[in-house]
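Labels A, B, C and D are assigned to the chains in the order they are written; within every chain, residues are numbered from 1.
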Amino acid sequence: MRKLLMGAAALALLAALPQHARAQDAMATPGKAVSMVLLPKFLGILPFDQAHKGAEEAAKELKNQTPLQFLGPTPQNSVAGQIEIVTNATTQGVKAIMISNNSGDQIVPAAKAAQAKGIKVVTWDSPIPSSEGEDVFVAQVDFSDIGKVMADMTLDLTGPGGGKFAILSASPDAANQNAWIAAMKTALKDPKYAKLNLVDTVYGNDESEKSYTQAQALVDKYPDLKVIMAPTSVGIVAAAKALQDEKLCDKVKISGLGLPSELLAYTKNGCSPEFALWSFVDLGYLTYYTAYLLATDAMKAEEGAKFKAGRMGEFTITKDPTRAKGLRVLMGPFTVYNKDNVEAGAK
Amino acid sequence: MSVLDRLKGWETMMLALLCAIVALNSLGSPYFLSVGNIVNLFQLSIEKSIVALTMALVIIGGEIDLSVASVMGLAACVMAWTFHEGAPMPLAVLLALAAGVLAGLNNAFWIARVGLPSLAVTLAGLIGYRGVARILLEDRAIGGFPDWFNTLGQQALIGPLTAAILIFFLLFLLFAIILHGSAFGRLVYVVGSNVQAARYSGVRVGLVKSALFVGSAFVAALAGILYAARLGSVRGDMAEGFELDVVTAVLLGGVSIFGGKGNLVGVGLSLLAILNLRNGMGLADITGNTQNDVIGGLLILSVLIPNMWQDVRNKWKGRET
Amino acid sequence: MAEPQEIADGAAAVAPILEIRGVAKRFDATQALDDVSLTLHAGEIHALLGENGAGKSTLIKIITGVHQPDRGQILLAGRPATIRSAAEAQRLGVAAIYQEPLLFPDLNVAENIFISHQDRGAVVDWRLMFREAEAILAELGVSLDVRNPARGLTLAAQQSVEIAKAISLNVRILIMDEPTASLSAHEVQQLFRLVRDLKRQGVAILFVSHRIEEVFEIADKVTVFRDGRRISTRPRLEATPQRAIADMVGREIDLTKARATSARKDRVLSVADLGRQGVFEGVTFDLRRGEVLGFAGLIGAGRTDVGLAVFGIEPATSGTILIDGKPVTIRSPRDGMNLGIAYVSEDRRQLGLVLPMSIFANITLPVLRRYLNRFGLVRTSLERRTADAFGAKLAIRPLLVDLEVAKLSGGNQQKVMLSKWLNTNPSILILDEPTRGVDVGSKAEVHAIIGQLAAEGIGVIVISSDLPEVLVLGDRVLVMREGRQMAILDRAQANQETVMAAAMGQSLAESLRSES
Amino acid sequence: MTWLKRRVRPEQIRELSLLVLIVAAIVMFGSFIDGYYSFRTFNRIASSVAIITVVAVGQTLVVLTRNIDLSVGSIVGFTAYFVGTLIANNNGINPLLAVAIAIAMGAALGVVNGVIVAWGRVPAVVVTLGTLAIYRGVLVDLSGAKTVTTDSLPDWLTGLPLVNVTPIGNLDIRPLFVVALVIVVIFQFGTTYLSFARRFYAIGSNPEAAQLVGLPMKGIVFLAFVICGALAGLGGFMFLVRFGNITVEAGRGLELSVVAAVVVGGVNIFGGSGTVLGAMLGAVMIGTLEQSLFRLGISEFWLDAVLGLLILLAVASDAVILQRLRALWGGADLKLVARGADSGAGEQSAPRP
């Protein structure tokens, strides 16, 4: 154990030497043996699996001799599970942990402990709100953009006349969901959305059944509801199905963030004519590159650091404007899907 | 086979199991036997372990308390909320404990006074207390507690041991003494074995049961607070779903779900076994569901195998005569 | 009461319907049955006597297919039979009725009667079932609402349902294991009428009881067991209670000698116009120090309820209780105990003892606080000493104070219960059915103990359905009927007839008249 | 009155008390929510209750025998997911065959529970607490994180929830509800009129007696678990039909709602008494509350608290009403009950889960 610590320390020293590294893009030197852990919110749903694919792709490119560990908790003990995995990874002295954080700031102590052991902590998909214990956050897109896009799509669906809409979120405890909802609320202050009226926010806990009944309940409670905005891949499909079953798709539209492959049918039958998402494959790919670079000390997690991420090209570490402090790598862009491009996206 | 023998048999079995697990783990991972890991191994589910102690008493007393996890959440949320509303931390902690006691009194009232089945009452509690926690925090996550509080859950106090771990061992001793040494403990067994006989012997059954449920809720609240201290921030979903893990640990400890049988040594051993198992699998990069599979299977086999063994023995006896 | 002509047609000797040859059964250490042989003829009532653990119940369990014999064989109507299960026994026409009726409280009476019928088809025809059930019960001269769930039936009623059950299976062999243990004299007579009917119909009956006088009233043959062996089998006429008892316990015992009174002047308990809403009312009596007051009456007459009220488990709603002349209110068992009252329940297994716990834990339960050290921990050493002391005094066997009470015989369990309550140093001791299901040997001991306790100055109330017992023990006998106090008879007045008469509802005067 | 008393028993009309409570609740909601009395509301409650009910029926049988099956939630998820995948992979499959497979799959999982409980003599809580975890774990491990999506399913299946089985006027009743109703009716009659079904009650009511009477205890318990599993399997299929999109999380936590329904439905958790009908009413009670509370305009965050409270009150008032009924039926029985082995106290707080 002590040996390991010393090893880590030595690496850190070595890393400190080359100052010129910052001048041009940090390049990953392939073929190193770097043990890395990819930690999704929980196992069993598609987006995280796609991210895993992307990460594996990157791993192959970088010829990392140590295979990638894809470890996830079960949904019902996601928080405790994520903390446990981070702690065990720390014990094992891995080089980098990539977290899609489902535990809010509750992960901080564990993450800090990991950093203290020289482990690089990279968050993706969902950051650590306080950014403590986190080296950098690989943001799929700018959170405030998500807010705007959600507002735009809503306005699109209600038409210029505007009207009532409601939000169907994952769980009250999902940090990124809450961030996006907050972002949307700020976006709504813009006069051009004046006619949009957010009447309610409900939660489906990322369960199809709960989301389904919640969507139904919404249309019962607000007969003149125009749009349900569901920024969760599980929720949006369930909601679409619910309204289809209610034969209400012509009155109420579903939108939000979802997977084309899952929404294909609903986009074509007009239940969910418009929704947005980014590529989770790319997100996993980029995250892996970032973490690999940090773990091999080819790059340091500080503002302005530029690096090249294989096929995805060049990225820069910047301040995260959507959080008090903290750094982020902005992936982007959004794809807004509709009947024209959804089939392509579903491929 | 008398109860005593059976328990003895059970403990030896659990002990053997524990040794096997430890051996496997230390072979499986070089990190397993490091001090840091041993501490983590306790630390990572210390709150469940604490609650398991009182759950054992409740089940031995012939009842069950499914609301513990929600009470943990409730206490944590009450604490966070009052703190957020500007109350000094110590006060917030006290109020959280008070909330726990209140929840316990509520359970006790319906079970001991009105005489409803504890399963039904605490099932309602499981939903209801979580609900109250939600009302308080809604979609917020409240953190930023004073450092002394966070260190309570995160820093080592004595040697490598954190406050939570120390509290666990203290409570373990305390409850072991209460259950196996004190008059109350004796009454718990009596009530768990035969409520009516207890009543006819002038035992205040209602009082014993009330004590059990209030105690259970109080300790759950304490655990909730420690959990908050360990994680440094509180959310509405705190400790959701812990109740099943806790009950599992207790049953694996040889406590009879029908009450009246079991002891804390067994529960202690089963806790150790589970913690080591989870930790060992974690280090072997086995997580989530697979861990649950193993624990679940273990739970069943721990009762099934002895039964089978007994059957075989009886068969042989049959042949001899 | 016995009708002489009964005996004559009793010994109808044809090929034995049941023959047991050299059956043996061993459980771990104990040889429960050792080379036992027995024959049973159709239309014969064959009594089985023996102390608990003598092997009676093992034999019964073997005949009913619960156990398999290690050696020996069973012949039914001359043909060898192996009975593997209770169901199989029923198919072979063997049915058993046990001391505690085994009904299904949530099923209605009719269903209880027909539960074990395999031949009634897949679909239940309730109307038919109710009709048939009513018919059978009518045949037994019992009136019960067959739609009523069995829960809450009196023991007597449950017993008759059990018999109806047996009859409905048109049995050839009926085994009755202490069917009268929980019946009052009157109900016993009802039961015997049924038994004689069955006998006339040619049913062979194996009758087990601890009540010698009953056995000699009903049985044609008397077989005595001791220590897993058959000691003797005699026609009823040749047998005498004394000899039977001698065979059972291996020594002479007399259960008929009334104990010398030890009653003193001062009243330890006075109860005036005591009542509990809808249960009993107007109960008034004094209990003197050193006196034994018998409570007689049919099951459900309210005797036990008076006991429960005085002890505080189901507190009285009217009337007054004085202890040592001072008025007191008793709302809970604790109150009762603090006032020096002890109530030994009729139901050992459910209400009396914590079976899975040790002897000493049971004995110290009510006064556990006496055994705490200054840290509030229980001093088990002290507990064991207490248990040993009582064990020695009441001759609890085996005297291993750490032994589970469940492992003790009925008599010894009874002694543990007594010890438990004596340990509270009561001045008033209420004994409810103190010898129910207890064998003769232990019964005598229990009686002796009761006398001794009275002599020590304790006021004792004995509630018993065993009329001879009440008469032997009681200085006076309080008779109840349907929740009312009918009479208090002193030694001079009290005898089978007067007590029965009062229990059946005649006034004291009438009952005294009927006596002469 | 006396005639009535002779014919009917408190135990038989105990469901009445629950019915009263439900009606009271509905009237209450109706007075607060405009447009509450509508077929939409009815369908909401009906179809949300349908699945719970079907599973609760099976659970009832198990509970009657003094056991409990906590693995139903996992069984529902298991069948919903795998049958879903099966159908997704070959849309041509015969609907009835699909249903049969679902039921068989559930039954198979029930067999595992049943064997271990009946012949392994392991307490049901222990066994099903274990299989609750194992079944779910196996599901997640085998699934490879794929999700069954509506568009991968044939139209007859996705369309099923929309079918209106009563084309008369605006009367609108959905298939799932009908299925649940049919199941309830079948099992209500079954448990009342089939002699082998009566044994569920018998062995739960007094195991010792059942032993001595020679009832095949093991077989009966086993059967209860198998039926429970099979119905959970059917529930799984209904789950697939209703929600279309099935993640590996499908049906997580369902066991608690089911147990709640059974308990609220007045099935004695210690075995022996209670009816399938009661279980359904319990499910309806909870379903009505869940579905209606939201529309009262109560904030999302208040629902659970209120729901918990109402469930508690339902159980309590139900117990009180039943006691009143029993008392009405004559104190004598009550008195003896109160003293007997399984007295009021014993019945409720005796340690026999």
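Note that in this section a contact is a pair of C-beta atoms (placed from the backbone, for glycine too) under 8 Å apart; a residue touches a chain by one contact, two chains touch by 3 or more.
Predicted, not measured: the structure shown is a model, and the values here were computed from it.
**Student:** In how few steps can one go from chain A to chain D if every step must land on a touching chain?
**Tutor:** The fewest touching-chain steps linking chain A to chain D number 1.
**Student:** State the chain with the largest centre-to-centre distance from chain C, centres being mean CA positions.
**Tutor:** A
**Student:** Where the CA atoms of chain B average out and where those of chain C average out, how many Å apart are those spots?
**Tutor:** About 45 Å, centre to centre.
**Student:** In whole angstrom, how far does the Cα centroid of chain A sit from the Cα centroid of chain B?
**Tutor:** 35
**Student:** Distance between chain B and chain D based on Cα centroids, please, to the nearest Å.
**Tutor:** That pair's centroid distance is 29 Å.
**Student:** Specify, in ascending order, the residues of chain B that touch 2 or more different other chains.
**Tutor:** 134, 138, 193, 196, 199, 236, 260, 288-289, 292
**Student:** For chain C, what residues touch not just one other chain but two or more?
**Tutor:** 350
**Student:** Send over the residues of chain A in touch with two or more other chains.
**Tutor:** In chain A, the residues touching two or more other chains are 43, 74, 76, 172, 201.
**Student:** How do the chains pair up in terms of touching? List each pair.
**Tutor:** In this structure, the chains touch in these pairs: A-B, A-D, B-C, B-D, C-D.
**Student:** So in the complex, the part of chain D that touches chain C is made up of which residues?
**Tutor:** Within the complex, chain D touches chain C at residues 6-7, 9, 11, 192-196, 198, 201-202, 204-206, 208-216, 268, 272-273, 331-342.
**Student:** Would you tell me which residues of chain B are touching chain D in their complex?
**Tutor:** 61-64, 110-112, 114-121, 123-132, 134-135, 138, 192-193, 195-196, 199, 205, 209, 236, 244, 247-248, 251, 256-260, 288-290, 292-293, 295-297, 299-300, 303-304, 307-308
**Student:** So in the complex, the part of chain D that touches chain A is made up of which residues?
**Tutor:** Against chain A, chain D makes touches at 35, 40-41, 44, 48, 136, 140, 143-147, 149-151, 161-162, 239, 242-253, 291, 294-295, 297, 300-301.
**Student:** Given the complex with chain A, which residues does chain B contribute to the contact?
**Tutor:** 29, 31, 34, 36-37, 40, 44-45, 134, 138-139, 141, 143, 150, 153-154, 230-233, 235-237, 240-242, 245, 278-279, 282-283, 285, 287-289, 292
**Student:** Spell out the residues on chain A that touch chain B in their complex, using ranges where they run on.
**Tutor:** Against chain B, the touching part of chain A is residues 1, 42-43, 69, 71-74, 76-77, 79-81, 83-85, 87-88, 91-93, 103-106, 108-109, 129-130, 171-173, 175, 178, 201.
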